[in-house]
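Report on the structure given below.
The first chain written gets the first letter, and so on, giving A, B, C and D; residue counts start at 1 in each chain.
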Amino acid sequence: MTGTPTSIGLDTAGMAKRLADDIHDAWYVNLGVGLPTEVANYVTEEREVVFHSENGILGMGPTPGDNEIDPWLVNAGKKPVTLRPGASLFHHADSFAMIRGGHIDLCVLGGYEVSQAGDLANWTTPSGDLMPAVGGAMDLAVGAKRTWILMRHTTKDGQPKLVETCTYPLTAPAAVDRVYTELGVFEIRDGGLHVVSLSEGLDLETVQARTGATLHA
Amino acid sequence: MIDKRVASLTEALEGIGDGATVMIGGFGAVGQPDALVDALAEIGPRDLTIIANNAGWSAETGISHLMARGLVRKMICSFPKGSEVFKSLYTAGKIELEIVPQGTLAERIRCGGAGIPAFFTATGYQTKLSESKETREFDGRHYVMERSLTADVALVEAWKADRWGNLIYRGSSRNFNPIMSMAAQLTIAQASEIVDGDGLEPNAVVTPGIFVNRVVQVESRVDDLLRAQKAS
Amino acid sequence: MTGTPTSIGLDTAGMAKRLADDIHDAWYVNLGVGLPTEVANYVTEEREVVFHSENGILGMGPTPGDNEIDPWLVNAGKKPVTLRPGASLFHHADSFAMIRGGHIDLCVLGGYEVSQAGDLANWTTPSGDLMPAVGGAMDLAVGAKRTWILMRHTTKDGQPKLVETCTYPLTAPAAVDRVYTELGVFEIRDGGLHVVSLSEGLDLETVQARTGATLHA
Amino acid sequence: MIDKRVASLTEALEGIGDGATVMIGGFGAVGQPDALVDALAEIGPRDLTIIANNAGWSAETGISHLMARGLVRKMICSFPKGSEVFKSLYTAGKIELEIVPQGTLAERIRCGGAGIPAFFTATGYQTKLSESKETREFDGRHYVMERSLTADVALVEAWKADRWGNLIYRGSSRNFNPIMSMAAQLTIAQASEIVDGDGLEPNAVVTPGIFVNRVVQVESRVDDLLRAQKAS
């Protein structure tokens, strides 16, 4: 548990790809705004993973070309998207019925902190943001069948983001199933962090040194 | 490739065991998945709990057919009148009944699908149907707390479907089908037509495929059923 | 308050027509199964009263001819209906959101008993039916903006159905706004029955004699 | 004859007074009734409570425009980030904020329209957003009790409408519009097109006219708005 900045492990594209490889074909998946959105770039169309957007879309396709933009069709990040065959459109209450009702197989969110108990903090800072905003993160974290977090292993100044107990305000308690970082993949079960895999060239000691809770091999 | 189409009713109904809770769509004959229900009666799982608006009307088909075969332990519905089979079983004490106001039944099912365990409604307050239920005042009005309903299986009827499980309906046949599709672990749809190619138009879809597990094509018999219902 | 059977006042067609005349143009109206359904026969198409059916229809039109029946389109009594221009179709949860949410201007229901406090009993008998059934009556009675009851003034053996206190199990307390019988129209307010109008040729004394609670002129 | 069409934005907005609670549809620019909101800013009712997902993005248009004019007392939303106007008012203590998780916001609005005063959700349990709220355990899981939301007025955007007030939407522009239409005393829709004749196809209607009081035709500016949003 040191303050060393990590410049080791995967780049962000590698992180997104690593997570994408674990998504099952035909799953219904909601990708959070930011880095999680990148995951879609590493899921081929043939796999028919169905991407859900909380503003009322199932079956989102890739970003359209400049001449193919439909301004009425945007994702949760308010960016233009396309529809794939088999898509459907619906309103916000139905969209969150899908989320809250446990119909989404997987949501991928960013994180400020994740505790070994699976507590997630990803919506505001301890001091309270100047302007707090929560969006759909709390609904997704408690509602989806699986919540995977895609985030850097440490903060910019090297503090671990995988911790024993969150110091940031919670988004949801005991909600996280897995965490994907540039250093590895970690599963949360029985109140502890279990290593699924470490990124190429890294050993447990190196990763443990950057982690604020005990890693179980 | 996502392909929720199955070739036969038997395949569609695979895995429904004794003691299952089964939601069955329809308002009378319209929107009732008659072929699925009749095929389920042939398969014969026992001790079923059925959640539906009605209790059927003929021992030859649908929910009353299941009852006539002795497969139903309990009925949760709003309006069981019209089923002679149910009436004789009920008066003989051979079937349990939970009567639920129709709108409360619909909302309990919707909430079951939407991850809401309980809600409040003014319906039923100070009536026999809320006698054992918690009540509460909000802003000077009295409400009953109702729990959501979920099921192991939902059997629904659609007009058209596609391989992703998207469904659209005809006329007044939506009724309980879209909300039951949301509220079950396993949702099985019979559809008059399964469209090929790119599937249904995204803006026209009423039940998104995320709620549907299996789709089987069968000709709707609603014409026949309505004739039979009229004659009975 | 006598046991005299009433053969005075309006016939059922007259009762339905009397109520129909009080419906405002452009109201959204739900008519219960049985006699209330007859009310639609006395509302002309030009008035654009929008009839709601709890099984998912707004804008029901008249009964189709034998060759025009669409078996997929039935009313709450499971009888074939048609659609008027401006109609819409929806599912049961949305249909009862309209009812419970106070969007229906008027529901017309039958009644076993109505008390001077507006309590309604119309779904089951004191002994409990052999087979109880409630349908949408409880939702309609508490949800619609106005609940009007269309019923005979007395039972077949001459007992009053407008009473001080219901002896039948309630459908809803304090839910009824008006009662239409063959003898007249009665408004319920401030815990009492107020005469709106009496049917032609009848006087208050005659009607009071057939009523189980005090009528206010 | 039922005819909910009105000729101008001013006529459409008639009767919105100081202190009104106003729901505004849209998710960002898409489905936002921009013309109605900007015309409301011109009319200038004060002390408004606005219920919307976002707080706008530009002082020139939409919700931020209302705020820039000093008309908004309180904002109930899930994601006010992106509005500089809101940020400066909020940090200066000149506007109240109630942050609501997006799905809870949607369900509170739907329940408001559906006559349900309160419901339970697991969302927000053990977070700052439920600190003052009642919690309850159902079947071993913990939930927060949430109250429904209603409004004096809902401003919504549709793609097509008819004289009965039926609405359909384009792309992802349904978002909060159908549920807000249900939850207000007075629902006012701007639509790109109002169809004549027999109206919209009954099976295609998303918002039945029963929920809509007035319809006004205006060209949608979503292209422009998205460009502006991108540039800002």
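The rule is simple: a contact is a pair of C-beta atoms (placed from the backbone, for glycine too) under 8 Å apart; a residue touches a chain by one contact, two chains touch by 3 or more.
These numbers were taken from a predicted model, which means no experiment stands behind them.
Chemist: Among the other chains, which touch subunit A and subunit B together?
Modeler: D
Chemist: Give the label of the chain whose average Cα location is farthest from that of subunit C.
Modeler: A
Chemist: In whole angstrom, what separates the CA-based centres of subunit A and subunit D?
Modeler: 28
Chemist: What whole-number Å value describes the gap between the mean CA coordinates of subunit B and subunit D?
Modeler: One centre to the other, that is 33 Å.
Chemist: Distance from the CA centroid of subunit A to that of subunit C, rounded to the nearest Å?
Modeler: 55
Chemist: Give me the residues of subunit C that touch two or more other chains.
Modeler: Where subunit C meets two or more other chains at a single residue, that happens at 89-90, 93, 96, 99-100, 143.
Chemist: By residue number and range, which residues of subunit D touch two or more other chains?
Modeler: Residue numbers touching two or more other chains: 107, 110, 114-116, 121-122, 169-170, 203.
Chemist: For each chain, which other chains does it touch, given as pairs?
Modeler: Applying the touch rule to all chain pairs gives A-B, A-D, B-C, B-D, C-D.
Chemist: If you look only at subunit B, which of its residues touch subunit A in the complex?
Modeler: Contact set of subunit B toward subunit A: 1-2, 110, 112-116, 162-164, 166, 182, 197-200, 202-203, 205, 208-211.
Chemist: Contact residues on subunit B for subunit D in the complex?
Modeler: Interface residues on the subunit B side: 107, 111, 114-122, 136, 138-139, 141, 143, 147, 168-170, 203-204.
Chemist: Spell out the part of subunit A that touches subunit D in their complex, as residue ranges.
Modeler: 53-57, 70-75, 78, 89-93, 95-96, 99-100, 124, 130-139, 142-143, 169-173
Chemist: Quick one: which bits of subunit C touch subunit D in the complex? Just the residue numbers, please.
Modeler: Contact set of subunit C toward subunit D: 26, 28, 46, 48, 50, 52, 58-59, 83, 85-90, 93-94, 96-104, 143.
Chemist: Inside the complex, what are the residues of subunit B that reach subunit C?
Modeler: So the residues of subunit B touching subunit C come out as 27-31, 53, 78-81, 86-87, 90-91, 97, 99-104, 106-107, 109-110, 121-129, 159, 169-179, 206, 222-223, 226, 229.
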